[in-house]
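Below, chain A partners chain B and then partners chain C, in two separate complexes.
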Partner chain A sequence: MTAPRTQTRSRTLLPFTLPAVGLYALLMVYPLIKTIPLSLTDSEGGPTAENVGLANYRAMLDDATLLSALGNTLVFTVVVVLAQSAIGLALAAMLRRWGGYGKALAVVLLTPALLSSLMASYIWSSLYQQDGAINSVLNAIGLGSLRQVWLAEPSTALYAIAVVHVWMSAGLAASIFAAGFRTIPEDMLEAARLDGANRWQVFWKVEWPMLAPSLTVAITLSLLGCLRVLELPLVMAKGGPANATNTLGLQIYRTVFANGEVGYGTALSVLLLAVVTILVTAANALLRRREGRLL
Partner chain B sequence: MTTISKIPVGASGRTASRTARGGSARPSRGTGGPLARLAGTVLVIGFVVPFLFALSTSLRSPEDVAEHPLALPFHPTLSNFSRAISAMQYPRSVLNTVVVTGGSCVLVVVLGAMAGYALGLTTLGWSRWAYRGFMLGMGVPLFVFVAPLYLLMRDLHLLGTTIGVILIYAAMNLPVAVFFYTSFVRTIPGELGEAAQLDGAGRLRTFFAIYLPLLGPVTATLLVFVTLMVWNDLMIPLIFLQDPDQRTLMVNAYSLLDERIVRPTDLFPAALLGMAPLFVLFVLFQRRMVEGMSGGGVKG
Partner chain C sequence: MRSKNIVALASAIVASSLALAACSGSTGDNAGGGPVTLKVIGWKGSPAESAYLKDINAAFEKSHPNVKIDYTYAQGNSYGQKLNAELLGGNAEDVFMAQPSDLPRWAKAGYLLNLSDQSWATDLAAPVKSLVSAGKKVVASPSELAGIGLYSNMKLLKAAGIDKAPTTWSEFVADQQALKKAGQPGLALPDKSGWTIYQAINASAASRVFAGKPNWNDDQAAGKATFVSEDGWKKAMQQFVDLGDKGFVDYKAQLGIDEWSQGTQDFAAGKSAFLLQGSWAMSDLAKNGNQVQFTPWPGGDDGGQQAALTAVGTTWTINAKTSHKAEAQEYLKFWSSADALTPYLTAESSLSPFTSVPTPKISGTETFNSTVTAGRFWVLPAGGWANEKGQTAMGQAVQGLLLGQSSIDKTLEAYDTAAKS
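Now for the complex of A and B:
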């Protein structure tokens, strides 16, 4: 195949990308680029807006609600990422011993992921309420003193919501790790056992390092899902009580659509993008380096 | 062991899991024993208890539930469901959601497959940049560009239109689609297409006759992924659709929410009804669904 021919061949292909590129450029790339100039204005969505330079960004520094939203988002993310990965890994490690039966159970674990955040919120709001199932169970087993109005108590609300997120996504983490377990060559495990390694040793010395790529995928996805969280706190607690469940995503939604502060809200969007980019890139770099060391 | 594992027992994944089990079922400490199995099963059932509880409570009258929150439905009633169905305008909402979901799926698949076909076969010109551009968009949350998008939709007079919402979903899902299709097309031997071209088939014919049929499995996985994302989404229709007659299931379910009174007998049936169509799909196409949900993991 000569070079010129390949060239023609490829050029006739390019038109195939045009519809996708056009739509993507119009509705994603353009608004994304537009974010920057819009964040430098005092726009309220109307036809006119003054350029205010970096005022919106300076205003962030004095915005106590924003700082707490940032804190809530990070706490939520750390809690969920750790819990989801640990539970997913434990479930995958357990289910993989049981062959087909384990696979069937893994499918059951995925059913919460079918629910929308809204529907999951509806179920859990009911479970969490004052005379709901969780408090009733606590009462019934003699732990009545632990009863809480889970979503109305600032110290528990964020964690109560984190539980729902973990509940929805642990099955997905489990299937990511299950796929990872399947890539570990059987003779490697066999060799370790012949060397007299017990189950913990086999796990820590052989399986855990070999699962490094799965851990990268699980953590990256979990991170992306957590940093954007908005529907769960919106529906379950309206960001309250006392802003305890107000996240960055929710703060943007309210600033833009409830308060109509388009300019400031867009500056918050830029902050969200920065947070997502920095954390995901950093986590990815660390995890990939770890993969390189271990594999 | 190796020969057994090569027998095609259906999905390749299933074969691999047999191999893995073959070894790990053996270890000495009875972890694979019936007791451990029972414990594991109980644990997994614990995950679906909220569903079972929601279902059981949905079948009871509100007064009964208020009195004994944990009791079972001794006098089952469907009145909660019929109330939820009319409050959510269920048939209408489902129809609206099906239109939005279907439209988004068609656009994502057609545009994604065409682009993936081209980007998988060539690295010439700006194709590399186009691919990179798509990949950068993967995982960008809606709320990073929602305000400019809202103003743009307003200026295009697409605000409050079903087609506008479909276009947004399509654009947001294109990165995943392009990723799926490009990776897949790269695994198809180039000679296949070249042979067709030597036989005089044009670009379009090669695409439709050779590539499109091969894209079936990856399309199924993508469809599951897009369907779940669109069906379950609340924010985009909440922001971009105002007319009550156009509202999707999630928006109409959301409008039931009353912060002051959380009534399980209102919320549980709504949640179950919202999930029901997806659950049917899940049961019918279990393997595809599992692949789409976990493989779609690349999403973001």
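Now for the complex of A and C:
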């Protein structure tokens, strides 16, 4: 009796989902599918384009800057994902212990995430200048020898930009972990404490495993944001110095909008899509498996 | 009641359609012989700039009472994106500003009207014509020939005992030594975007390569010449390596400074004695009563030929789909006359791209302009290796050289790779 009722209910609900599915297909799936044939053309943005087969994909092999852009993107992603998750987790743990003050602080921590990337870029670019606040502070505390032109030194530029990304997104990660903390039953923590567990043991043995779903969400969202990063390296360092901050997203932007190579740029975006899909799917699968083991 | 509603709905649809038709592209409002509104878009004429563009358009309207100019200013960074989308959508303005590097692509896409038969096309200065052409067709009207050269703050130079801007490389190096000795600021090459030093090397090459081989660009395009095999390019790059080695330029610091904002502001504030920039920056750099000279980049040797680097700056093109072809052609014809060009060239401190329109006299640019008038100048091949893509790749390669990551030969090989792709 249950199965036919469920089927009837599904049939009743189906028409209600159709508009949303239709819109999603039209606005998201259709452009995505159209990307593939466009990537097989020599389009320069005009009304006509010749089919060039896999030439754009073969050209990637000879593109000297593409490999460094891919490397920069991966380094940036690893640094930001690790730092953002660690800082977000630490902040969430702090907020949990600070009760009402913690809630107020949570709002403050989210403020950088509300800023546009453009605004954040301008603020931090001025901080990173040769005579900017960061170098002034280093000087004032006797660490003048560490002064740098942070965005002009190839060895520091990418990390300087990663710091800005972490600054913007750590509050969001903290919110995700804070939500995770709230799902942990208080009596479970109490039981651990009664068994003699200290604060670190409570965190490591009880809270950390219970936060597995939050970690999955935080890392997945962070991966998505980092792999497509564009605005910060574009505004803060223009991809330089010497391509040190050129990311895959920036490479696509320049190829399409500055060089007008729409066909090749679209092929690059297909590559980016593949990289994002593979990495996010793999990370998600690993984290879900971890959840299954821990929970 | 129902039929009334249907009539009302039909009327609303018809009215909306008419309104939409009116909104898209140029207005066809001269059907009854009334004035035509010509839609024009460009990246010049921001609210912060002086009103010269408004004045030029007003002068055109005055001489053409049947045409009204509806000018849209679009900020430089987003201009290309906006216009590309409009062109693809078929609703771009009747007349639009374009950079020479965009012309081959837009002409190939069929967006640009062929202007070869226009009277001003025969008046174009010889080196300019190929840069506003696609194939053998003239597709744009240039509104300036911009100079790229050396700005000197004469007050700072005088404080170091120097009474004139340098004209050769040895003078330039000696001046920097004198400035250093006198405790005065020296040369600034702000290069965050990878533009300044790339152009400074091109400016040196104007004397070291093109003065002796005026057809080098054609040879390069034909595969008969390469950057890495040309001694003049090597010497031009070596000059900049030497400036860093001698301590005249701190490249790590310069690579952190934006050439379009902080770099020019610093020069205007007297924080550097020398700066490479375009002639268009003259009005900003000469602010606050600064005594500024704009001269060709002193890249040549003593006794050698000194040449100036120039680039076709803004150009005007006509949308191939315009329904006001005659009026748009009149507008471009006006822009090739002294009535429009003289105020524009004065505001931009640029040179005339037409043989019949003289370059206005602008204080501080006399040496540069006389060098060009004497025919000792080279125009950047914006539709060739100096296009947007080449500029980005070469600018980044030069940064690598000056940061010690690469050699001159490797940098020039990177130039050749960028020029080929």
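The rule is simple: the second predicted complex is superposed on the first by the 267 of 295 C-alpha atoms of A that agree within 3 Å, B and C clash if a C-alpha of one lies under 4 Å from a C-alpha of the other, contacts with A are read in each partner's own complex, and residues count from 1 in each chain.
Throughout what follows, a contact is a pair of C-beta atoms (placed from the backbone, for glycine too) under 8 Å apart; a residue touches a chain by one contact, two chains touch by 3 or more.
All values derive from a computational prediction rather than experimental measurement.
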Chain B or chain C, by number of chain A residues touched: B
Which of chain B and chain C A:138 touches, first, second, both or neither: neither
Chain B versus chain C as contact partner of A:249, first or second or both or neither: first
Chain B versus chain C as contact partner of A:238, first or second or both or neither: both
Partner chain in contact with A:17 - chain B first, chain C second, else both or neither: first
Partner chain in contact with A:259 - chain B first, chain C second, else both or neither: second
First, second, both or neither for A:152, with chain B first and chain C second: second
A:129 touches, of chain B and chain C: first, second, both or neither? both
A:45 touches, of chain B and chain C: first, second, both or neither? both
Which superposed partner A:64 touches (first chain B, second chain C, both, neither): second
Chain B/chain C common contact set on chain A: 45, 129, 238, 257
Residues on chain A engaged by chain B in the complex (per definition of touch): 7, 9-17, 19-21, 23-24, 26-32, 34-35, 38, 45, 91, 94-103, 105-120, 122-127, 129, 131-133, 136-137, 140, 167, 170-172, 175-176, 178-179, 181-182, 184, 186, 189-190, 193, 198-199, 217, 221, 224, 227-228, 230-231, 235, 238, 249, 252-253, 256-257, 262, 265-266, 269-270, 272-273, 276, 280
Of chain B, residues touching chain A in the complex: 1, 13-14, 16-25, 27, 29, 31-32, 36-37, 40-41, 43-45, 47-48, 50-51, 53-54, 57, 66, 69-70, 107, 110-112, 114-115, 117-119, 121-127, 130, 133-134, 137, 139-152, 167-168, 170-172, 174-175, 177-178, 197, 203, 207, 228, 231-235, 239, 250, 253-254, 257, 259, 262-264, 267-268, 270-271, 274-275, 278-279, 282, 286, 289-290, 293-294, 297, 299-300
Chain A-touching residues of chain C, taken from the complex the two chains share: 80-81, 84, 87-88, 102, 105-106, 108-111, 192-194, 252-256, 387-389, 392-393, 395-397, 399-400, 403, 405-406, 414, 417
Sites on chain A touched by chain C in the complex: 44-48, 64-65, 128-130, 149-154, 237-243, 246, 254, 257-261
